[in-house]
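As written, the chains take the letters A, B, C and D, and residue 1 is the first residue of each chain.
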Amino acid sequence: MAAGATLQQHTPWNASREGHGIRAEIPWIKWTFVSVTLGYLGLFLAVPLAAVFTEALRKGIGAYLESFQDPAALAAIRLTLLVAAIAVPANLVFGLAAAWAIAKFNFLGKNLLTTLIDLPFAVSPVISGLIYVLLFGQQGWLGPWLSSHDVNVIFAVPGIVLATIFVTFPFVARELIPLMQEQGNEEEEAALVLGAGAWQTFWRVTLPNVKWALLYGVILCNARAMGEFGAVSVVSGHIRGKTNTMPLHVEILYNEYNFVAAFAVASLLAILAMVTLVAKTFVEWKSRQSVELLEPTTAEEV
Amino acid sequence: MSIELRSITKTFGSFTALRDVSLKIPDGELVALLGPSGSGKTTLLRIIAGLESFDLRPQSEILFQDRNVAGQCVGDRQVGFVFQHYALFRHLTVMENIAFGLRVRRSKDRPSRSAIRDKVRELLRLIQLEGLENRYPAQLSGGQRQRVALARALAIEPKVLLLDEPFGALDAKVRQGLRRWLRRLHDEIHVTSVFVTHDQEEALELADQVVVMNQGRIEQVGTPEDLFHRPANAFVMDFLGSVNLFHGRIEAGKAVFGSMVLDSPDGLEIDGESAKLFVRPHELELHTKPNGAPSLRARVVRIQSAGPLVKIELASESGQEVQLEMSHERFREEPVAVGNDVFVSPRDLRVFVADYSI
Amino acid sequence: MSLRRLLSSVALAAMTFGFLLPSLATAKDIELLNVSYDPTRELYKEFNAAFSQYWQARTGDTVTIQQSHGGAGKQARAVIDGLEADVVTLALAYDIDAIAEKADLLPADWQKRLPDNSAPYTSTIVFLVRKGNPKGVKDWNDLARPGISVITPNPKTSGGARWNYLAAWGYVLKKELGDLARVHDPKAAAEVAKANAKARQFVTALFKNVPVLDSGARGSTTTFVQRGIGDVFISWENEAYLAIKELGPGKFEIITPSISILAEPPVAVVDKVVDKHGTRSVAEAYLRFLYTKQGQELVAKHYYRPRHPEVAKRYRGQFVDVALFTIDDVFGGWKKAQQTHFADGGLFDQIYQPK
Amino acid sequence: MSHWKFKQRSVLPGFGLALGYTLLYLSLIVLIPLSALFFKTATMTWGRIWDTVSDPRVVASYRLTFGASLAAAATNAAFGFVVAWTLVRHHFPGKRLVDAVVDLPFALPTAVSGIALTALYAENGWIGRWLEPLGIQAAFSPLGVAIALTFIGLPFVVRTLQPALEDLDVEVEEAAASLGASRFETFRRIILPTVFPALLTGFALAFARALGEYGSVVFIAGNMPMKTEITPLLIIVKLEQYDYAGATAIAVVTLIASFAILLAINLIQWWSGYRYRIGG
């Protein structure tokens, strides 16, 4: 599903794949490919990123740093962290449960279930927000009851959390399912034969085997949770300093002609994105290491 | 501990993996489940272990030493299971792998740390991998992994040891060595053991008893000698070792295979029934002239004398390919060359009616 | 095993997630939420501070006013859906009507509760052009000229854009009929119909010149000022002044058309919410403070036209004199205007209907 | 078949708990809220629903959304192939960095992408100022929408193709070469058909993602009725006119489209066996 969803097979800088023998490429073809790649990625990725930082630093580093003094900006950062801290673990637990059920067992409707888990990924963020308005809004099913019990869901933190959970719903599960399917059930069976209980098998065998994929899913999930705009925008209420997450705060600052501050907060999100990429690369590297350990080695024979 | 299976059937959807299988394995024996892939042997092994359920029918039972264990879950059956691909825990060292079964016990049953360490040491000695206890599975060769898997299974002191294609993933030389080692190990510890294999040589060499399976059924149970010399049916005959097959029919109480007419064995006197003659290559005699015995004319196509036996490839008068083996002495007595016309007569006869075809 | 410990605590957190979070309003100090529209951000930022001070001096309570800004339609919808606004200060009476009608949070006659139709300040619609007015824009009819590029937000989503649209429409009626009073004269019905047809043609031509329809007034300002798109920007008067002040002194000029609409952005206390929060008195005081001399000064400072005669007089120089008509005068009130022009399938939609 | 059972029996524990929790969570977070959409739509008559979803302005938005998504996904399929190929087969300085940066659109919040792209492609932006003299209007045109959608869809094609290209067996290529195929022939007849399911999956993922995208598009689209309004924006517009039922009716249409694409993706993967290869 999601980008880079195929962690366990992904070995981008494996030297052995560089073309030699039959795969040797004529140099001009190779360099055409490389330049098209660099050009395309440069145009679509590097330039926008550079634009964010250029705009943010337009009035100097002082003005840039000052943008983070604003209590509303700090509140937005705090809220974003809080939302991610709730949404990510919730989806983590779900992802483990779903992957266990789907990867380790055969049952009727498994394909449908897999598709339904993917669904939030393909649903427009606008709709993701809208459904919670329909459910919890004053005109919705539960709104009047909630309001009479003085519980705020929508236009408050719970609504933002729910919308965030919705949009990041499939991430962990989608990382785990293919890997756990590929690993099969033998190690778990071995543990059971050896007398391990259900939890022991899970904690001691299954979890260590998928920990890198799990972490990878969490990283992607977290990136999206912190960066979601559309869905959160619909349920937030945009109360400055209270229900604005960082992406919403960017929009607000932008609309206040405070471009430096807007791009400053945006650059913070961009830095988060880059940290995500670094973390992701690290996890890929670690997991590939553990995969490579599985390749047959030339250890001495019997 | 003896194992007894009574009337076990297993279906996966519309596919029947086991049909009404019953089997008794005496205490302390080393038994092979032999059969082609898809014959149900691995399913049977997994059912014994409790890794697979079987179809619930009132007469179906699994007894360990006369105790029905059908309702018992896998962890409580005290079986040691060696998986085909070993299923070693890749994130644990050799030592941790072997100790796993002891460490996951409830605290009141769990041996002390030092007891576990001693046990692991002992097992490492048994599998001859002392000094490798801190390696990870990925850092071991195939044969080493195999032995670690075995040690891990033995650590819990199982009443029954089950091995799924234990040497399947190893190359020929390692396989030979491990096979003998396993036999010696079994003679030493004498735990009832069942292993699955599709390699008849392995089964015949290693096992006290061999269970030949085909299409979810047991075809024959017996000692290696029984099976080889007294195969119960065409399948067993064909499956154990190479064999020449001649097609013929029963005519006037005789089995007719081209120019060769044989006395029909008992119970095969129905005229017109098609018959099959199975003869192993070493059971065929070769003569340059007819000697009175029923024989087939054939022409020598190829002679391969590099090896313990001389292997001769012949083409019969109907064009069928016939394989023959003889000793070097016999070959020297009556030498033939490619292109010679010769006469071939079977020493041992096994004619089966046609309900099995190759 | 640290991974294990981490995961257990995470699992625990997950089980207690979301629903158990305490609702937010537990602060001891008084909090008010003012849900407002796009161009009032700067005004209320300053006004809130002033009111807090005033209220503390009078009662000793500290009052913190939370702000929420956005397109007026979006904001009204949020209140309808349960955003607990103590007061709403929106662009159009229609939006507050919608709150009254759809969510019944305040009485239908809310507009009668405060002076001047509950609109403590007014504004109008003017043009912002680039320095030196290179396209020579003087009045509404220039906007429909071919080759001119006009920026306005989308009337379907922006309150300000509806004012823009209606001002343009009113300009044609005035030109055709001479006197806008005749719109409601039954004897002039035929002429009015003809004038309306002309107005429709004109507005259609005008919107054909619009290259970007942003969803809110602020988006349009950015497009015009920041992105450099368009020759004329039809804008709130205060937004135009603010844009010049904030974004490009010396880069833009304001052009006042011969006639424009009197925009009356209304304010109201949301009864059900203040009763629930127990904030009625402070909310009412907050809105009434808008009408005080101090409030009106702030209003004028942010380029809204003050109602207070004294303040208005003082700031007369700041605002150009322009003939203004009201929406009631020409369109018979918001409800009717909304129905005829902006509802789905209304006149505005027909502009974009393929022929 | 009379033999099927809900679940094949297995010795592994925890199926009930895991599936139960999965279904509960799925229902609470996804299914029940989504069903609200259908119930709200059901308050309208069929005629009203049809009028709403077939309104010319809405239809124009479908056309734009589908068209731009298709164009973006196709662009990504073509260039994504080149990128994936380069990253798998070639070595060049900075390759690690390039590989890591492919996921940027995924990690970057859409709002940030939106304002950054708008700033770049507007007439006075870094890129827009070069396009303008050529008579190309990038921002505030369907082209702008396609640019934003290309940006967000970029990782999908690359990331689904990469493993498929890596899995290619060098022996197969050698076999083709030994049979006399040229490099290009080998590519066209052997490599392309082998990785085609992955390419198709990547394309469909990018397409599905593009259909629903909102945050990065609204800034750059210009939002002209009939011209540059995307469907998710129309949902917002309907909402802001207090037309909940109308908004949900359009939402249902897009939801069904999303679901259909997802099913198609799962079918492609089932068909090619490329994703859910079950080990052993």
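Odds and ends about this structure:
Simple rule for what comes next: a contact is a pair of C-beta atoms (placed from the backbone, for glycine too) under 8 Å apart; a residue touches a chain by one contact, two chains touch by 3 or more.
The structure displayed is predicted, hence computed values, not measured ones.
Number of steps on the shortest path from chain C to chain D, with steps defined by chain touch: 1. Listed by label, the chains touching chain B and chain D alike are A.
With centres defined by CA atoms alone, the chain at the far end from chain C is B.
The distance from the centre of chain A to the centre of chain C, each centre being the mean of the chain's C-alpha atoms, comes to 38 Å. With centres defined as mean CA coordinates, chain D is found 16 Å away from chain A. With centres set at the average Cα position, the gap from chain B to chain C is 87 Å.
Between chain A and chain B the centroid-to-centroid distance comes to 51 Å (mean Cα coordinates, whole Å). Contacts with at least two other chains are made by residues 93, 139-140, 162, 165, 186, 189, 192, 197, 208, 254 of chain A.
Contacts with at least two other chains are made by residues 50-51, 73-74, 85 of chain B. Counting partner chains per residue, chain D has residues 4, 8, 11, 125, 233, 236, 239, 280 touching two or more of them. Chain pairs recorded as touching, per the definition above, are A-B, A-C, A-D, B-D, C-D. Interface residues of chain C, counted against chain A in their complex, comprise 1, 3-4, 7, 10-11, 13-15, 17-19, 21, 23-25, 33, 38, 41-42, 66-70, 78, 80-84, 102-103, 216, 218-219, 221-222, 226, 243, 246-247. Across the interface of their complex, chain D is touched by residues 71, 73-74, 76-77, 80, 98, 102, 154, 156-157, 210-215, 223, 227-229, 342-345, 349, 352-354 of chain C. Remark: chain D residues 1, 3-4, 8-9, 11, 280 touch chain B in the complex.
Remark: chain A residues 85-86, 89-90, 92-93, 133, 136-140, 143, 147, 150-152, 154-158, 161-162, 165, 203, 207-208, 211, 237-242, 252, 254-257, 259 touch chain C in the complex.
For chain D in complex with chain A, the residues that touch the partner chain are 4-8, 10-15, 17-19, 21-23, 25-26, 29-34, 36-37, 40, 79, 82-83, 85-92, 95-96, 98-117, 119-120, 125-127, 150-151, 154-156, 159-160, 162-163, 166-167, 170, 173-174, 177, 205, 208-209, 211-215, 231-233, 235-236, 239, 244, 247-248, 251, 254-255, 258-259, 261-263, 265-266, 270, 275-280.
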